[in-house]
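Structure, as structure tokens:
Per-chain residue numbering starts at 1, and chain names A, B and C are given in the order in which the chains are listed.
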Amino acid sequence: MSALLQVQGLAVRYGAVAALHGIDFDVHEGEILTLLGSNGAGKSTTLRAISGMIRPSSGTIRFDGRDITGLPAHEIVGLGIAHAPEGRGIFGPLTVDENLRLGAFARKDPAGVASDRERVFALFPRLAERIHQVSGTLSGGEQQMLAIGRAMLARPRLLLLDEPSLGLAPQVVATIFRILREIHAGGTTILLVEQNASMALATAQRGAVLEVGRIVLQGAASDLAASDDVRRAYLGVH
Amino acid sequence: MTRVLQTLMDGVAVGSTYALIALGYTMVYGILRFINFAHSDIFMLGAWFSFSLAGVFGWTLAGATPPPWAAVVVLLGAMSGTAVLGYAIERVAYRPLRSAPRINVLIAAIGVSLLIENIGQLPIAFGTQPQRMPSLLPDAVLFEVSGVSIRLVDTLVIGIALGLMAALEWLIYGTRLGLAMRAVSTDAQTAALMGVPVDRVVSATFAVGSALAAAAGFLYASKYPGINQPAHATWILLGLKAFVAAVVGGIGNVRGAMAGGLLIGMVEIFGAAYLSPHLRDVYVFALLILVLLVRPAGLLGRATVEKV
Amino acid sequence: MRAILPWVAVLGFAMLAQVAVGPVVGHYWTKILMDVGIAVLLAVSLNIVNGFTGQFSIGHAGFMAVGGYTAGILTYYGGAALFDLPPGAVAPGIAGHLWFALSTLVGGVVAAVAGVVVGLPSLRLRGDYLAIVTLGFGEIMRVLLTRTEDVIGSAEELATAPWTTQVVSTGGSLGFTGLPFYTNLFWTWLWTGIAILVAYRLKESSTGRAMLSVREDEVASGAMGVRTTDVKVIAFAMAALFAGIAGGLFAHEIGTTLNPAELGFQKSFEIVIMVVLGGMGSVTGAALAATILTIVPELLREFSEYRMIVYAALLVVVMLVRPTGLLGHREIWHAWRRS
């Protein structure tokens, strides 16, 4: 298996505060890798650094062998990394349709976009029903579907997902994870940040655990799910 | 009745120029959340560029009869000139301050405003004398309604302003650039994640807003041909009233700026005609305070909750 | 005893300015030093609203106008009635100066009342909207002042004019001309010294801390029990009080005319610029910037054509390279200590 994304020595500072102290990990082509950790561990920061929302203070990020460290966010999307950010990042005053069109903003193949739209509507029939609705009026679950669907319209090779289960009812969470597996089965590599560790480890092939800006544990998802430390800290088992 | 009609005509003409200027304020505010105080100077430059351009072609000379397409050349020329300038100002003075406190950007904007006025006053630029704008727009009495002559020039001023507003409406709601502008004004960070080149969108916003202000300058000078010298207080005052229009309509809201401009123009012109011509600025600012007290977000603005 | 010492020092400083500095530097520099004092008074007072409390007022010249016209009416018409002199005459001796002091103080109080009235919308409005309201207030003041009647120049006319006519006879757009020249270095620097002292003490007081907390985070400070509304209104009132006094000093200064055109938004912008360049929240920074921005243009008078261009360009450059102003939040002695 080859590494689609290679993160080496990634460090990020917010002013005087260090959020990441030089972390290393790879995301392999075709896998789901989940980043676990408590609030403030640096999970979202990692995703933001990869997608170019923030500039790392040191370290390198390689995507498909190419150094993308410090590239502006709008160029990174074009290379094939889509980021569904924390808090979903829906453009509230815009319609569902307009949000989806923004998802495909960097693309220049109208035919491909049209077929991807059909695919997104097949995954999320709800979005097709609400296509002309102002997206700020959608329910939380629908907004999450829109965020994922919108990211898929960039036709990413790597999808970055930041807490897709946050604030959603259990059935909705189950639906979202089912769809994530479908997206993965369609050939998209996924880097998943989650608080819901049991769901995440059940879906992912591999995982990494972040604690205050450092990776403390890395391995196969099944091993992590079996590890005592992980079970105590993140799975609520004593 | 006669007077009402005449006043209405003037109110719409002045109001639509306010609306064109207000659009620039509101678009910049919508995206960068700051009051671009230099925008009234762009409006002033629109009038002066028009005058100078007409001069280059010899249309300002006494007795010269400019061809019918002169207005188009001058209007487009002035709009392109200020578009380039608006782009440059954002690039040099505002972009480096993107993450600075807004008061700093505001002071920088005041600095740019003073710079434009004082350079404009230099003998090598426009000088310190007022000038008279040649009548490039054809004028004639179109028809008379109960003693009021509806003039072609007024109709053209209103028509061009409304046409430009329709064009902007199409740009914002019907094009890819407009979609990007709306996305950036909602959430610039996420817009960048979608592949929207935020800096380029901001540049385009400044260029478009400046071009509209220049059109307002051209139209205003066509209706009121006496052009004051660049640093004259009337320019800033007109700009401020246009800004008031943007706020009254709901700042950040494009349709609000159009409606606010027309409303402010009407209030000012009707107040001047029927109450006292000396207090026209008072009506405008009093309306502003009234609207803000009743609807703090403006007439078409959405109420926003301060985030913790 | 120790509590009154600073006030005695301010009084002594003002007297020194009047008897020792004035005669030494001559008329030209005396005038400049009075201008400097008034500018410092304006900047230090606006700093209470913009710098300490983080509210954004761009109508400071409006309060200056309220105070200046109020004081002018009192010395011009009130003084004529009180001392049985022709209008505009300087009343002889100490009585005239005491009447002047009282007039400026009353002007300040009236301006403070206006400050409360303008501060009240800040209960509902935040940030830029508040700025626009203060701007609107300043512009309404300016336009209304241009609509007043001609100044009553002769004692005969004055004798027949009721007081209701007198208060609206302030010269319209030509300005309130003929005001007695009471302003001197003593009064200028006494009020300025008091304002600096009050502002500095305020910053160190619990009310001042409350103001700073409103600036940093209004929602959080409200949650901590700070009565944010009261704090903002107090800030507006104090700032307006001193701006009104500055207006009174400006009105009675030799070589200036109390004129609506002088008191428009341009003047308000000038004061905001002083505060920002000095460093928002720094009392001595505001004073320093006001001093520099008053003296330097005076020195560059012969280059008047390019003076404003340089000033405007510098404004942009300073914002780009030193966005926190000269001193930031710090006072001048802190800056000294660090370097």
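Criterion: a residue touches a chain if its C-beta (ideal position, glycine included) is under 8 Å from a C-beta of that chain, and two chains touch if they have at least 3 such contacts.
Please read all numbers here as calculations on a predicted model, not as lab measurements.
A summary of chain positions shows that the Cα centroid lying nearest the centre of all protein Cα atoms is that of chain B.
Chain pairs A-B and B-C differ in how many C-beta pairs are in contact, and the one with more is B-C.
Centroid distances built from C-alpha atoms place A farthest away from subunit C.
Our note on geometry: subunit A versus subunit C, Cα centroid distance of 56 Å, whole angstroms. Averaged C-alpha coordinates put the centre of subunit A at 43 Å from the centre of subunit B.
Our note on geometry: subunit B versus subunit C, Cα centroid distance of 33 Å, whole angstroms. Put simply, subunit C touches subunit B in their complex at residues 50, 56, 121, 124-126, 128-129, 131-133, 135-137, 139-140, 143-144, 146-147, 218-220, 261, 264-266, 269, 272-273, 276-277, 280, 305, 308-309, 311-316, 319-320, 323. Looking at the complex, you find that subunit B touches subunit A at residues 176, 179-180, 182-183, 186-187, 189-198, 302. Remark: subunit A residues 51-53, 72-74, 77-78, 82-83, 85, 89, 91-94, 98, 101-103, 105-107, 150, 154 touch subunit B in the complex. Per the touch definition, subunit B reaches subunit C in the complex via residues 29, 33-35, 93, 96-97, 100-105, 107-108, 110-115, 117-119, 121-122, 233, 236, 240, 243-244, 247, 251, 278-279, 281-282, 285-286, 288-289, 292-293, 296, 306, 308.
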